[in-house]
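To keep things clear, I will list the structure first and then write my remarks on it.
The first chain written gets the first letter, and so on, giving A, B, C, D, E and F; residue counts start at 1 in each chain.
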Amino acid sequence: MNITESLLKALTLLGLGMTFVFLFLGLLMVAVSLMAKYIPADEPVVNKNALKRKTVAPVSTQQGVNPTLIAAITSAVQQYRKTEVV
Amino acid sequence: MNITESLLKALTLLGLGMTFVFLFLGLLMVAVSLMAKYIPADEPVVNKNALKRKTVAPVSTQQGVNPTLIAAITSAVQQYRKTEVV
Amino acid sequence: MNITESLLKALTLLGLGMTFVFLFLGLLMVAVSLMAKYIPADEPVVNKNALKRKTVAPVSTQQGVNPTLIAAITSAVQQYRKTEVV
Amino acid sequence: MDGLTTLWMETGIANFEWPDLVMIAVGSLLLYLAIVRQFEPLLLLPIGFGAILANIPNAGFTDQGGLLYYIYHIGIETGVFPLIIFMGVGALTDFGALIANPKTLLLGAAAQFGIFATLFGALLLNLIPGFDFSMADASAIAIIGGADGPTAIFLASKLAPDLLGAIAVAAYSYMALVPIIQPPIMRALTTQAEREIKMEQLRPVSKKEKIIFPLVVLFLTILFLPAATPLVGMFCLGNLMRESGVVDRLSSTSQNELINIVTIFLGLGVGSKLSAEHFLNLETLGILALGAIAFSIGTAAGLLMAKLMGKFSKTPINPLIGAAGVSAVPMAARVANKVGLEANPHNFLLMHAMGPNVAGVLGSAVAAGVLLALVG
Amino acid sequence: MDGLTTLWMETGIANFEWPDLVMIAVGSLLLYLAIVRQFEPLLLLPIGFGAILANIPNAGFTDQGGLLYYIYHIGIETGVFPLIIFMGVGALTDFGALIANPKTLLLGAAAQFGIFATLFGALLLNLIPGFDFSMADASAIAIIGGADGPTAIFLASKLAPDLLGAIAVAAYSYMALVPIIQPPIMRALTTQAEREIKMEQLRPVSKKEKIIFPLVVLFLTILFLPAATPLVGMFCLGNLMRESGVVDRLSSTSQNELINIVTIFLGLGVGSKLSAEHFLNLETLGILALGAIAFSIGTAAGLLMAKLMGKFSKTPINPLIGAAGVSAVPMAARVANKVGLEANPHNFLLMHAMGPNVAGVLGSAVAAGVLLALVG
Amino acid sequence: MDGLTTLWMETGIANFEWPDLVMIAVGSLLLYLAIVRQFEPLLLLPIGFGAILANIPNAGFTDQGGLLYYIYHIGIETGVFPLIIFMGVGALTDFGALIANPKTLLLGAAAQFGIFATLFGALLLNLIPGFDFSMADASAIAIIGGADGPTAIFLASKLAPDLLGAIAVAAYSYMALVPIIQPPIMRALTTQAEREIKMEQLRPVSKKEKIIFPLVVLFLTILFLPAATPLVGMFCLGNLMRESGVVDRLSSTSQNELINIVTIFLGLGVGSKLSAEHFLNLETLGILALGAIAFSIGTAAGLLMAKLMGKFSKTPINPLIGAAGVSAVPMAARVANKVGLEANPHNFLLMHAMGPNVAGVLGSAVAAGVLLALVG
């Protein structure tokens, strides 16, 4: 393949490639727009998963764990772990 | 192997298999019962490991973490974890 | 290789090996000493990284950690980490 | 225009054949079950995704050099992935309830009847034209009744690799369906009075007993059933790491990162066996039907054993906990608890049902060992 | 004294040849860039270290049986490591901004012009004596313009393994240099008024949309470009694990431990390809030059596309966000934000730029698929 | 009754031979040491368990296709597992104390005398009928004196794979016995006055020094001992990841999940070499005896070197810290501290002993490199 041939090949690749990329992502754009149209927004009510997590969460916040304390103990934990050398 | 032969083979497998499973888990049952008889219960006094950990523990409570709070968070987290079991 | 020959070989290994180990670690000693001489000490001002760690660190050395608390808060931290995108 | 043709010839559209599309639909169905219905999502999501990838024409995922090819041959054909999962499950399992009430081991034994009874079903299906299950195939199918994913995958990879996909899908699907399959059987085979039976509180179990337990299991397996030692051994290693208390780093990694990593790849690898040629045939339907039967028989056997034991036991036994003997940890134990609560809102059976539940894991590993020894 | 000679003959000093020393210097330069300049340290530190190890005379790291030999052949030649990384990146990616503003997908498409334009550059270099890039080489080089490390490594391992080292180093270096390469181009091609354009706030995106999005991407890829399914498929698997919310264990492990482990070994394996014979030649200089060109063209193409779209769009579009279409997540989006803030200190473009930014990841994976299908 | 016979013929009971039973007892002993005595449990628990599994008759763990077969050949024979562990150890090691007091490097050098002296012991054992250690065997045995597990496993896998099991067990056992082996030697070779010596407080070490240190070690190794670069290189990579501060994700994963995962499999793989044919012979007894001697000589050499240096040093040196030069991090440093506290309850030597302690790790890796270069 001489240089002219290979440049021609590259031109084809450029044309095909960019067309393809645009078609592909363009189609995806259409699909996402359709999705926006037909899929209902999340209900304001918390969903099952969020709820499951919430049931665990509130105790700690309600009971007033100081967040800096958590930070402090976290690093203590990490340091404690480091002492457990193999 | 025709169908009668293979059903006979299956019958043997059923007999042998269930006998074996019962013998095996039955033996295990005996072993566990013996274990219960001869292995002393955990002493109420903290053992060495617990002690080692305890030596690190008390300060955090001094800094005012409510121990019932700790219990609450711990069990909450543990319950949360259990839901994630494989 | 008879026993005398192999003991001679071992003697060579001993001599060469110990010499080499001493030369190597000796050179390293020289290099580290030079490093100490020419590399400036850390500025007293905490740098960005150290700061990030320091805010969490100091309490830990004074403080011990309760293992159940470790479990609880560690998992809390792990959940928090999930939000920390690369 | 050469390039355009090439590009067109490479598209999925130009290459699809019906079976590929059907299998991609099957994969999508598994994703639906995993995500929307939350059926064992940890396994069914990667399995479903793997099934889709494996059936893309021209993508070569399962050809030599493809990603799923490597995953299957390195991790599943060798048995390594299910064994690592089993180690992690061992590290996640607390045998306290079983040790406190060792009689529940017999419930875990009885529930394995579902496995061996299903052998007949599989062989009888051969009478229908289109079915041709060998004894090894039948054994691999029957293990679905063990209600234990890694055990089913391990045995199927040894005895019937072509059926692996269908067997794994059936096993995990039915494990997810335990709350639907079991309750009617449980209600049919027990009276209201039986379901109301309250059990005595479990004694506390010492740390030493918990450490020695996995070793006892290991040594019994060594003595009587070496063929089961890969499964039981790795399970006991995980449990020993957990209970010994001296290698918490390793135990924690087995229960978390390691089992997670392997689960992703195990799922993808199982999914790679959901190819049209091995899945889209009558045999798959047979496997699904047999799986449901195996589960039901196992549930009934555990339950009836519990009723029998209740007749002779000094302490009361609620027969519902026998149904948990199929394993499917901890789902089956929760089902027993729930059905118990329906009968008596103050009767909490969860801890009592955990005994037969974990005994069922051992039971099906032992049953797998017997099948390996006699059929493999 | 035999031993002394042997020991001497084994030292590096007695065996060094110039190329080794130069490559060790290159490795050290990469370490410097990673540690002191903080250029993509997660990859450049292991790559630099791997380059040093690979060029130690007599150490045998890259010979059969050596550590880097295993890492390269098991993890990179097979494509497994980049695919696992891509799964992790998928699990780390939030497509919310893109779903909220799907037009940004076109920006991610336009920026891939840098890839295809660079093909010409690579082939034209063949006119200079000393260069001899095949079409496959040129394609592997051009993908640097995609500004996506795993994609570049995956494509190079398939199309031009000998150039892998140089290509990966160029890709990560330029990704780190995004804050230096892009701003002048961005300022040159936009007016002050354009840079000041404020964009409308993005709508909230529902959980369902986020779950369905990776599936839509997957199915479009299956339909139109199966050759891209290894990359896109693993990416979508990661993203689905993240968004489905039912396999948080697996998603978290993919984003953390698994991607970390693989990153270490991927870096070492890439570094092992930085051997004197494959790196110390004119072609490497060509690759570095072409990489810079590819980045610049991609940046310009994304920007111009954004200007064009702004002409026709009902809602205002700040052309700066088009530059983020090259990917280099999240660096390019941050650069767009920074240049926007220079023009208008109250104009926060970060979230708007995340749309084209993640679209660019998909765009370059699709471009890689096209190159694989047509050249591979 | 055919099945019954088959099942019986498959049991362990029908197949046990004495050597299997003895090796299972050895494995159980290792479990006992790990769990009850807490001897290096992270390694001895999986090694002991692996030893049990490897010796189950008919289970095929070490046959081709068995789990331990894969683990050994993939992870240990290739040297990959010990090298990954060494990377993790590097990421866990803080060289601050050594950099603050670089003279302690000489203590780490002196303690390696235990290694080379043990060569004689191993060769002299050949005079006793039943022993037949080659020079390679002797070198692999001698490295036990380095008190460093991964180094011993790595060298043994290269020089004497048949002795790997015994060598690894000896290495970890003696590392666990450091608190018992060292104190009598330390007391015998020092006076009360020497043990009471207080050392000057260590200067703070800058971040830059800590970053450059692993690079200096790496480059010295490249220049003088490429044969040691697998071990030293991976160690330095881990340490550089730790100290550079730019790849905390990777450093943390190396120190935790990655090292944990590999430790489990390394232990199982080492255990798989504890087969009757390679372990139940006179040579194992010889290896155990030689290991104890190697440790003792190394301890004494480090101590005497510290006494010698104390004579010439301007700042006081407590000879006890010399004993920490054998490595066994951080056990040996703690022992030095404890013996020091006995002599003077206000004398805290821990940080001072950490210098020779980590120097010993480098020292034994260098010694391993010398042995590989001259004997391998």
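General observations
The definition used in the following text is that contacts are C-beta pairs under 8 Å (C-beta built on N, C-alpha and C of every residue); 3 or more make two chains touch, one makes a residue touch a chain.
These figures come from a predicted structure and were not determined experimentally.
Different-residue interface: chain D and chain E share under half of the residue numbers found at their contact. When the contact pairs of C-F are matched by residue number against A-D, B-F or A-E, over half are shared only with A-E.
Summarising the inter-chain layout, the chain whose CA centre lies farthest from the centre of chain A is F.
The interface with the greater number of C-beta contacts, when B-F is set against A-E, is A-E. Chain centres were defined as the mean of their Cα atoms; on that basis the chain farthest from chain D turns out to be C.
Distance between chain B and chain D, defined via averaged C-alpha coordinates, is recorded as 19 Å.
For this pair, chain C with chain E, the centres built from the Cα atoms lie 32 Å apart.
Centre-to-centre separation of chain A and chain F, using mean CA positions: 43 Å.
Listed for chain B are residues 13, 16, 20, 56, 60, 63, 65, 73, 76-77, 80, 86, each touching two or more other chains.
Multi-chain contact residues of chain F (touching two or more other chains): 3, 7, 42, 224-225, 249, 256-257, 263, 370, 374.
Those residues of chain E lying in contact with chain C across their complex are 2-4, 7, 42, 92, 94, 248, 252, 255-256, 259. Those residues of chain F that touch chain D in the complex are listed here as 3, 6-7, 10-13, 15, 24, 28, 31, 34-35, 38, 41-42, 45-46, 49, 52-53, 56-59, 61, 65-67, 70, 256-257, 260-261, 263-264, 268. Of all residues in chain B, those touching chain D in their complex are 1, 3, 6-7, 9-11, 13-14, 16-18, 20-29, 31-33, 35-36, 39-42, 47, 49, 82, 85-86. Across the complex, chain D meets chain F through its residues 78-80, 83, 87, 211, 215, 218, 222-227, 229-230, 233-234, 237, 240-241, 244, 246-247, 249-250, 252-254, 257-258, 370, 373-374. Per the touch definition, chain E reaches chain A in the complex via residues 98-99, 102-103, 105-106, 108-110, 112-113, 115-117, 119-120, 123-124, 126-127, 135, 138-139, 204, 206-209, 212-213, 216-217, 220-221, 224-225, 245, 359, 362-363, 366-367, 370-371, 374-375.
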